[in-house]
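Take a look at these structures.
Shared between the two complexes below is subunit A, which pairs with subunit B and subunit C, respectively.
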Partner chain A sequence: MDTMCAFELKRPTNVAEASALLAKPNARVIAGGTDLVPNLRRGLDAPATLVDITGIAALTALDLDRAPRVIGAGATLAHLAGDPRIGDEYPALAQAAAEVAAPAHRNAGTLGGNLCLDTRCVFYNQSEWWRASNGYCLKRRGDTCHVAPHGKRCHAAFSGDVAPALIVLGAEVEIASVDGMRRLPLAALYRDDGAKHLALAPGELIVAVHVPPAATGSHSAYGKARVRGSVDFPLAGVAMAVAFDGARIARLDVALTGTNSNALSLAGTETLVGRAADDATLAALGNLVAKQVSPMRTTVTASNYRRRVASVLVQRLLRNLAAEHATD
Partner chain B sequence: MARRLLKLTVNGRDREDAVDDHALLVDHLRGIGLTGVKQGCDAGECGACTVLVDGEPRLACITLAASVEGQRVETIESLAQNGRMSRLQAAFHEKLGTQCGFCTPGMIMSAEALLRRHAQPSEREIRAALGGNVCRCTGYVKIVESVQCACAAAAGA
Partner chain C sequence: MDTSAESRVPDALRERSIGRPTPLIDGIEKVTGRARYTADLPSDGALVGMILRSPVAHAVIVAIDTSRACAIAGVRAVVTGQDFAAPYGVIPIAQNEWPLARDRVRYRGEPVAAVAAVDRETALAALAAIELRLEPLPAYFKAADARAADAVLLHEKKKGNVERDVDHAFGDVDQGFAAADLVREQSFHYAEVAHGQIERNGALATYEPERDRLTMQSTTQVPYYLHLTLAQCLGMDSAHVRVVKPFVGGGFGHRVEPLNFEMVTGALARAAGGVVRMEQSREDSFLTHRGRPETDIRLKLGMKRNGEITAVDCEIVQRGGAYAGYGLVTILYAGALLHALYKVDAVRYRGYRIYTNTPPCGAMRGHGAVDARHAFEAMLDSMAEELGLDPIALRRANLIVPPYRTQNDLQVNSYGVPECLAWVERASRWRERKGTLPRGRGLGIACSHYVSGSAKPVHWSGEPHAVVNLRLDFDGAITLLTGAADIGQGSSTLLAQVAAEVLMLPLARMRVIAADSALTPKDNGSYSSRVSFMVGNAAMRAAEALLDVLVNAAAKKLDVSPADIEWLGERCVVRGTDRGLAFASVVTAALVDNGPVTVKGTWSAPPETQGGRLRGAAVGSTAGFSYAAQVVEVSVDQDTGAVKVEHVWVAHDCGFAINPLAATGQVHGAISMGMGQAMQEETQYHQGLPLSPNFLDYRLPTAVESPPIDVHLVETIDPLGPFGAKEASEGALHGFPPALTNAIADAVGIRLTELPATPDRVLDAIVAKRRKDRLDATRAES
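Let's look at the complex of A and B:
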């Protein structure tokens, strides 16, 4: 792999200090580094300063006794996957965290890092030499998206597993900068443009995620298709939160990853409210997904496969959660 | 180029070394002679560089050395005591879990972290713990058997 670019590493111990460092030009934040370090080694960025936030103890705190629950952005994915309180109240979140890459990645990787994962594409996640030989691409240094050469935007796919789970759970992100704090519904953090997929201003840092308590009797889950079951980014990932009234759907929220440049909130699920989770409902839900996802040629797996597998995953989740509800 | 003095506890011994801010943990460890830490894919995908940081498996090739300042780092070199192999090492030797040997240090460090948490893991738990460690000889059956053999040896001891 390519050698690492030179930078200065800062290790602040509180958020104010981190924000001041991130306000300087050409500074980037690093936490677990499982996404950023390989990208830096491929020449996908060359920051002058890296601000390592893993020394900020306050960012790893979880407060699960208040409403909304507050989960520090520095909590590791291994922690989220293994904390029984998360698994009991938010199965989708625990499952999504457990499905990120492999154990060593989850020990390093953080909640905030996974939410801010860079978008991915076969024309982007390559060495400097490879990309230079191909005339670079729209996401970095080039002017053409090789996935859609006549299009006007980058189609790299958002591939974070945790975002769709937190979107269906109704989460907000708390963002710090030198100008103060702000909150944003998580779905609004993402834009459907692979080169500018995060609605964060320069210098902004996600410090925590706020999640409303799960409603009594609600169910949630996350399902993921990937090339190798033990590691790998999603070809498609689907999160679902559902509540039933008897055998009928009372509320249904679905979000997807791996198929678009944003974490996609599925529209139209309200049309299924009042229906039982029977074959016709499953088919209708599968159709909603197939119509709204737009997987492009950003992986070595065919786009159509990813569209179909997303549709299958969402149906499987609803069938499983309806069965789970029936045994409650 | 930014440099710093880095304090780490490596295989039980405190040390302080001058490193570049952008130095990777894999290069630092190999540079101080711990060449049991293998550079495989060198991109965080194969697990050959797995070391323990504060007891948990981490990939040294995508970890900045300076980011683990003050923490305990353990490599494969820490396992043998007085020239005697650890249980896991002996089991990999006896059960032929080592084929070409290149993935073995990473496999053993991932398994070591598992067995410290969980003395008698199921086969499924062993496979999950080793999920990020790739063997290009593809001899996974022998590797899993080796870890099971080490558990059996521990139970019999």
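Let's look at the complex of A and C:
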């Protein structure tokens, strides 16, 4: 790791001040810094100004008593993983937060930071010397994607654990800028382009996540495939929210991470509504995943494995949640 | 004068310094943060040293223009390959590497130029201002490509890019196969792995132009080799070089040879006429490399119905990387250590060490023998299955009875495999559980062994293999001076324990000064697990020499014959009387006339342990082999291919545990490292660029997946080891990968022939097996 570029560090105390600072050219947000700092050390960005938002008290506020629930973007991942109210109502969210990296990262890393995680690729997350030797890449300073040299887009993978969980829970993000506030369904925050994966305009800041109350009888969970028991980003991560009518699926939402440049909302789950979570349904769901994910060679682990394991995970989640429902 | 004899402590109750779990004597510095590693050394005003690396894998260096870099204000030195007097290489007959490339670059990341500047920004600007003109050559990233008939040679006179071709045969191999009831042959593939030592590389070099003197402090396991190499590469008189090893955070072989950045830092300090600090990144460690090579093995074993091995035929190809380093030793070890674990009377070995355009490989914990041991133990397991034999019974059919001379002239004087097997069999409840576990859960076993120091040193100078000095002065403190490099393994503690034990003095009286060439006697360094055995023996002899001085002084003072002195450590008495002296009085007596005392202890491996006359026979020879057996229990997720190690039972024959606490810790470390290689670590290259030169993508095991490890130390009391001790830090590593894959075979019926056993590889094998089983079933029906 190299030393970081020179920058001006600003510590605003309210959102308006932060938005004003972020409206300046080449300003970047920093909160926990667990994603940004290693990237800066690798020369993947060279902001003139870093706007440290950890001093803004409003961003860490949680309001879990009203509908929708509001979770400040500055809440730490450790908090999301450990708050029993979140664990009870939104198991997928608590599980996903608990699966991020390692304990020290979760103590520093924030909800907003995990949602805005930069996309990742073995040809991108390297030192300046390494990337220069390799002719750089489409995501930064180059014109070739080494993962798919004949293609025209960047295939770096979105690897945040929390986003798919919040997508299946129906979350919206609240975004601030000098122009005011706006709300966006979380799924719409992401685009399947590794070089431009966030639908945020320059200067925009996610300040909170709004989550509708979990419907009675609904279930959710998150599953993550990785090589090690800790630290690793997901080779594939799958979040599921499901409601049953008796033994039959009444609603099913699935979202994935680690396999595409966006947090992928699985299409076609409505075709399984009305069916029992039997082997045929599991297989059909597994097929939906296998068809829609498009892992590329962005990690050192083979992409066909990531496709296969995503399909396994989604079936496992449905089987487990159906069993959970049966014992309710 | 202490004349009381009543307080004599019976020997049995005396607190011994050896054989007791003893916290490391430098542990306090480490846990309190007071320990100074190379990067912590104070150096006001040191210049910042930085290295420019080749962006291409293979090219002729047409020109390196440093004029623009030199002209930048604040740049104090710029050096290239032309600034060195000689190439280097840890093996005297294979020195083909320059600290900075000359004429050609042979791997991506090879250092080509270096700068020293007043600060980092200036140094970076200087690197950017250096113009490299390179004319590309074809590059080879796989051993097979480099061996192709039309391949450009990386080094002159190395036909086929073969650095070393080994062709050894012992016994009648053909007859052995003919006599076998079962002959099987299998190919294996092993990924390249790296050491993952926690402390990154760094050096601090101070040059005094007025005296032409260089002081080097560096992250090294081999201060003496570094000293020699600095003198050679810089063209300096070795008397003008001083090498000091600060605290070092692990090595595992990464730093058992002098590394380019060390000579470069020295050259920069000399060129700048001052102090230069070099701090390297994790990526730099991966580019400097010296890890375990990508290896292909073809192994053929012949076996009797009772499991007795009748013949071994093994071919090994190692992708060695761009330079020699320890390469020829690695390829020789791989063959030599096919012997000395089991009784094998007919062994053929072909080894090929290949030059490729990848970072140079080198020595890594378990040097040379780890991959071959996996192949061997994996085949024992599958052949046991075919023969309907219990894998432990099969191993028992091939035991050695010491003293034993192997076919390739290795000497086995102590051999704890029977005890190791018995313990892991009992501890794992092997007999009750093997074969009865639910599908997806399995037990696997493997044995392993390793040397306690290479019996022939790399530099054959005729000197003793190890020397220790002990100093005694008026204060009654005993200072042990050794060149041995404690890199976290606990060698300084062990040496203090050995000397304290001989002198029967409390450990607190000992002080160890290690690895400073201005103060300590030369030592070959911390590699091949040589320190406990060799330096331990020297420490024992030094302590005996000091004891002799002390007893003689006491005898003279008490006016008796030395034979009449009963030495009790903190005091001594005239045998059978109550006359005696306290230790302080003995010290005073010892200094009369002669002043402060310095004694020496030396040790060399006896000639009969140094290997035979065959070319290459010195590699693998040792004065004492350690042995180990382990049982690994796994559970395998058959849908995801994820393998979880549930438990490890490991018995290690370390001869005698001088420090059972440290020995147990070393065995734990060996298991963890074996686990990393077996399950998840690998370096893949993209056109010669390592894809995972960081600890996120290069996946060392974390605490989460580390299993419970039950360690049992077997004590066979080796006749040559100090107090019977042998090595304790490498031998258990080799057994883990095969015990793991054998356990996976037990769990789900797949036999992995490629490591690491990452989930994708395991799942591929499971899917392939399902397909084959279905096909077989269809065939059986029709």
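Simple rule for what comes next: the second predicted complex is superposed on the first by the 328 of 328 C-alpha atoms of A that agree within 3 Å, B and C clash if a C-alpha of one lies under 4 Å from a C-alpha of the other, contacts with A are read in each partner's own complex, and residues count from 1 in each chain.
Note that contacts are C-beta pairs under 8 Å (C-beta built on N, C-alpha and C of every residue); 3 or more make two chains touch, one makes a residue touch a chain.
For clarity, every value in this text was computed on a predicted model and none was experimentally measured.
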Practice task
For A:G142, select first, second, both or neither according to whether it touches subunit B, subunit C, the two together, or no partner.
Solution key: neither
Exercise for the section: Scan A:D52 for contacts with subunit B and subunit C and give back first, second, both or neither. Expected result: first
Handout entry: Which of subunit B and subunit C A:V312 touches, first, second, both or neither
Key = second
Problem - First, second, both or neither for A:W130, with subunit B first and subunit C second - result: second
Handout entry: Touched partner set for A:C5, first subunit B, second subunit C, both or neither
Key = first
Exercise for the section: May I ask you to decide whether A:A78 touches subunit B, subunit C, both, or neither, giving the answer as first, second, both or neither? Expected result: first
Practice task
Could you say whether A:A104 touches subunit B, subunit C, both of them, or neither, answering first, second, both or neither?
Solution key: first
Exercise for the section: Look at A:G33 in the shared chain and tell me whether it touches subunit B only, subunit C only, both, or neither; answer first, second, both or neither. Expected result: first
Exercise for the section: Considering only touches as defined above, state whether A:V231 meets subunit B (first), subunit C (second), both or neither. Expected result: both
Problem - Footprint overlap on subunit A, where subunit B in one structure and subunit C in the other make contact - result: 1, 102, 229-231
Problem - Partner subunit A, residues of subunit B touching it in the complex - result: 1-2, 4, 20-24, 41-45, 47, 50, 53, 56-59, 62-64, 66-67, 69, 110, 127-129, 131-133
Completion exercise
In their shared complex, subunit B is touched by residues of subunit A numbered 1, 4-9, 11, 30, 33-34, 37-38, 41, 50, 52, 54, 78, 101-105, 107-108, 229-231
Practice task
Would you mind writing out the residues of subunit A in touch with subunit C in their complex?
Solution key: 1-3, 102, 122-123, 125-127, 129-130, 132-134, 146, 225, 227-233, 299-302, 304-305, 308-309, 312-313, 316
Completion exercise
subunit C residues touching subunit A in their complex are 53, 55-56, 108, 120, 281-283, 639-642, 680, 682, 684, 686-687, 689, 691-694, 696-697, 699, 701-705, 758-760, 763-764
